[in-house]
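See below for the structure under consideration.
Chain lettering (A, B, C and D) follows the sequence in which the chains are written, and residue indices restart at 1 in each chain.
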Amino acid sequence: MADLLVIAGRAYGSRLLVGTGKYKDFAQTRAAIDASGAEIVTVAIRRTNIGQEPGQPSLLDVLPPEQFTILPNTAGCFTADDAVRTLRLARELLDGHALVKLEVLGDAQTLFPNMPETLKAADILVKEGFQVMVYCADDPIQARMLEDIGCVAIMPLASLIGSGMGILNPWNLQLIINQAKVPVLVDAGVGTASDAAIAMELGCDGVLMNTAIAAAEDPVRMAGAMKKAVEAGREAWLAGRMPKKFYSAVPSSPSGGLIGAT
Amino acid sequence: MADLLVIAGRAYGSRLLVGTGKYKDFAQTRAAIDASGAEIVTVAIRRTNIGQEPGQPSLLDVLPPEQFTILPNTAGCFTADDAVRTLRLARELLDGHALVKLEVLGDAQTLFPNMPETLKAADILVKEGFQVMVYCADDPIQARMLEDIGCVAIMPLASLIGSGMGILNPWNLQLIINQAKVPVLVDAGVGTASDAAIAMELGCDGVLMNTAIAAAEDPVRMAGAMKKAVEAGREAWLAGRMPKKFYSAVPSSPSGGLIGAT
Amino acid sequence: MADLLVIAGRAYGSRLLVGTGKYKDFAQTRAAIDASGAEIVTVAIRRTNIGQEPGQPSLLDVLPPEQFTILPNTAGCFTADDAVRTLRLARELLDGHALVKLEVLGDAQTLFPNMPETLKAADILVKEGFQVMVYCADDPIQARMLEDIGCVAIMPLASLIGSGMGILNPWNLQLIINQAKVPVLVDAGVGTASDAAIAMELGCDGVLMNTAIAAAEDPVRMAGAMKKAVEAGREAWLAGRMPKKFYSAVPSSPSGGLIGAT
Amino acid sequence: MADLLVIAGRAYGSRLLVGTGKYKDFAQTRAAIDASGAEIVTVAIRRTNIGQEPGQPSLLDVLPPEQFTILPNTAGCFTADDAVRTLRLARELLDGHALVKLEVLGDAQTLFPNMPETLKAADILVKEGFQVMVYCADDPIQARMLEDIGCVAIMPLASLIGSGMGILNPWNLQLIINQAKVPVLVDAGVGTASDAAIAMELGCDGVLMNTAIAAAEDPVRMAGAMKKAVEAGREAWLAGRMPKKFYSAVPSSPSGGLIGAT
């Protein structure tokens, strides 16, 4: 039986979601996304043309909505109002598409989420029929509030956007994962393949990343590495890891008798 | 161009080496090894029948030397003499096979290597024409001594055998990797997929493990996870990860203009 | 010149604040607090008699307000309303005392703060003239909101109350410390002396703890250890630590000439 | 009853041992050592005049052997022969003084110990009647060999000399401490106060440092911080820390009834 990621009732084979920023051109964007195996790609509506600038090249020419689930996001929004307005525009441009990624940032330096504005925007968007995947702090109480509002996925940061610092606080992520009934995806902070594997081994349902791929020396190769890392972490979680031990007095080949002991 | 692991002049496509102990039976051993994609499998000569007990089932029936590079190891040896004797026996049983894994243990509780005995055994074995892959402490000075003796691969522990504690001291591994001219493989301590990825991201040439696969709840699934984790870590290292930053004032979609900025 | 902690205009020589719960009796409470050198002691109003139960032993008999700054706290409150009511009662019992510690908890299991209710309560309390020290998540944006409301000290958790897990995310603490204009004190999560030292080395102005002392095998001895640890961390921060280096090619005694080189 | 550090039959009140290199002048050396409270000070014989250059200023004028236990060390020695020769000279200069610190380095870049040469030198020195405190790798097997040879204290590195990286592998230190019957002191790698506290909380008997004090911006203040940190870590270890818990459902003030619950 396939191990699928189900978000808002739709099933995906890939648990790696990717952004579309910071590539050198649309061709590289597409090549990296292909290598990543991602089915959901997120697009910063305020920075990327998906039709709002007619006559200009559109990202949708490179990433057609027939092939990819386009996930409009509110990168660059610092208030609930801005974020809501941005996603209404996206819905129009994408013919009524309801699945969106909400992020309301606290300041331009850290890009840490502004949680009060995020809660406010989530509430409005859910009531307007959006399916809201939400970037948030690794705060288990506010994560639950977002779920209670009706968000379809909780997306705590692992570390600051664009920092590549990896999973700074796995314990908080664990608290969020343990309680959530909707998918939990790490969003922000992954820097290299092992970070993605660790997120999945904690029990995350998926990982969203952009800079870790786009800012690697070889983005397309890194995209492939991330695909495998997410799968490796997921499979390791499903396989049930060995317990950690301070030491094992038992050698890696047990000593009880010769045959059958292998 | 293929990215191959070359040990003692022979090239391998897989960078994951696996043990054969702790499985419930030979069928599971074989299934897990197939899932791991390993081409080199290590066998504890003192605990596993590869012909020294005629009439008993032999591991070589399940893992034929035509398909796998059998790497005899000296698990359970606590002196140079024992280790040397064991590998001479292995060479006989395996028709002159020269590639071996030397491990001389310091005590039965920690299974930490006994470095003076390891150095002594390595010296004897190299002089006798063995191609010695050597389990050792994460000590950059003694690692270099082993290389100077003529060992064909340096295999420092990441943490204690069978502990699953992961990479306890990445800095020492880094020192060893930076200076080595032969392959460096992490041997011992990997507990889950991300540990293997981290080892490869440090620049290791490969990883050897047994318990992390055999003692997982689902060993075959974990073997597949490890295959992907090793590949993910290797490709991430080749791809060149983004730099870590305390924070990035630059959003994950850059803000300079609308189009082309994606 | 003395290095004093100034909170709400009042200066303290000690940077260690302690709780009063979990001791075996009032005598042990007092002995531990004496050993800690704390000048500010926090009291859970909903659990401790400071006069609301006339005729019962009062903690104030053991910790007279003439000797200690009593800091009433709202442990056990899960809503802004409860917390505000509790602190109004405390003000009455303590003759108009304005300095309080606000904590509004998110759930009984994790004791993680409920930030929306915390922000709401802080706003009410500040308007009513309280000097609010506030327990909060390690969220730099909401920490700044609390400061903007007028809180006199920001008190992020290091890890969950009563967990003893230490500083899980020093980077978030750093962000909070770097931006704050009021004192930042770590509140919750310290488990042993080095945790307190690390908090101070990050630049915290103080540390508040209870379980780490009260639940040690020897609480009075641990209180003394914590006093020294907080001082050590503070002094190390003031002294300016050496830079971390991957390695130093320079021996710890420099090699340039014999004399004067010491 | 006083908690004393006993090395080679002699008791010391301070568990902080300090080096004498890298200070700007002898006056600062002395001021820092006074602030540290150290009773044992180590001197690099090959770099510091303690009488071998008559007519030159001697460190012993500043640190008289009547007040301090002078611990000659072999910093800068890369072979057993060099180290042994250096300590014989020191014994002469110091009127038959037997307590010495042996360090034989592996290379000039990392200053990691050369363990085979260290074992060889230790054996010679013990047979010649020296009381050997020995700098070594954090290798529990070779640590035990050094103890079996008769060394009076085992001094594993926490991280590379002069790196200030702190305790990289607390698990290996733990193995060494658990088995040792002579004092174990961390030697090398401490960078700031909390590092020293952590070493002591692991159960080390003492800490030796030089660069962390001498290369701080304010060495004398850092020396005082280190004194408190070592004491704090020791007392915390003696006091018995609270257990770590993922979370405590029990608030830091227990909820069972009002009075007596404090």
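Of note:
By our rule, contacts are C-beta pairs under 8 Å (C-beta built on N, C-alpha and C of every residue); 3 or more make two chains touch, one makes a residue touch a chain.
Quantities reported herein were computed from a predicted structural model and do not represent experimental measurements.
The two copies, chain A and chain C, are related by a rotation of 180°, based on C-alpha atoms and rounded to the nearest 5. Of all residue numbers seen at the chain A-chain B contact, over half occur in both copies; the interface is built from largely matching residues. For chain A, the chain whose average C-alpha position is most distant is D. Centre-to-centre separation between chain A and chain C, using Cα means, comes to 35 Å. The geometric centre of chain C is 32 Å away from that of chain D, both derived from CA atoms. Distance between chain A and chain D, defined via averaged C-alpha coordinates, is recorded as 47 Å.
Touching of two or more other chains is recorded for residues 110, 160, 165, 171, 175, 246-247 of chain B. Residues 19-23, 25-26, 29, 43-44, 47-49, 53, 56-57, 59, 75-76, 105, 108-111, 160-165, 188, 191-194, 196-198, 201, 210-212, 215-219, 221-222, 224-229, 231-236, 238-255, 258-262 of chain A are the ones that touch chain B when the two sit in their complex.
Chain A meets chain C in the complex at residues 106-107, 110, 112-116, 119, 137, 139-142, 144-145, 159-160, 165, 168-169, 171-172, 175.
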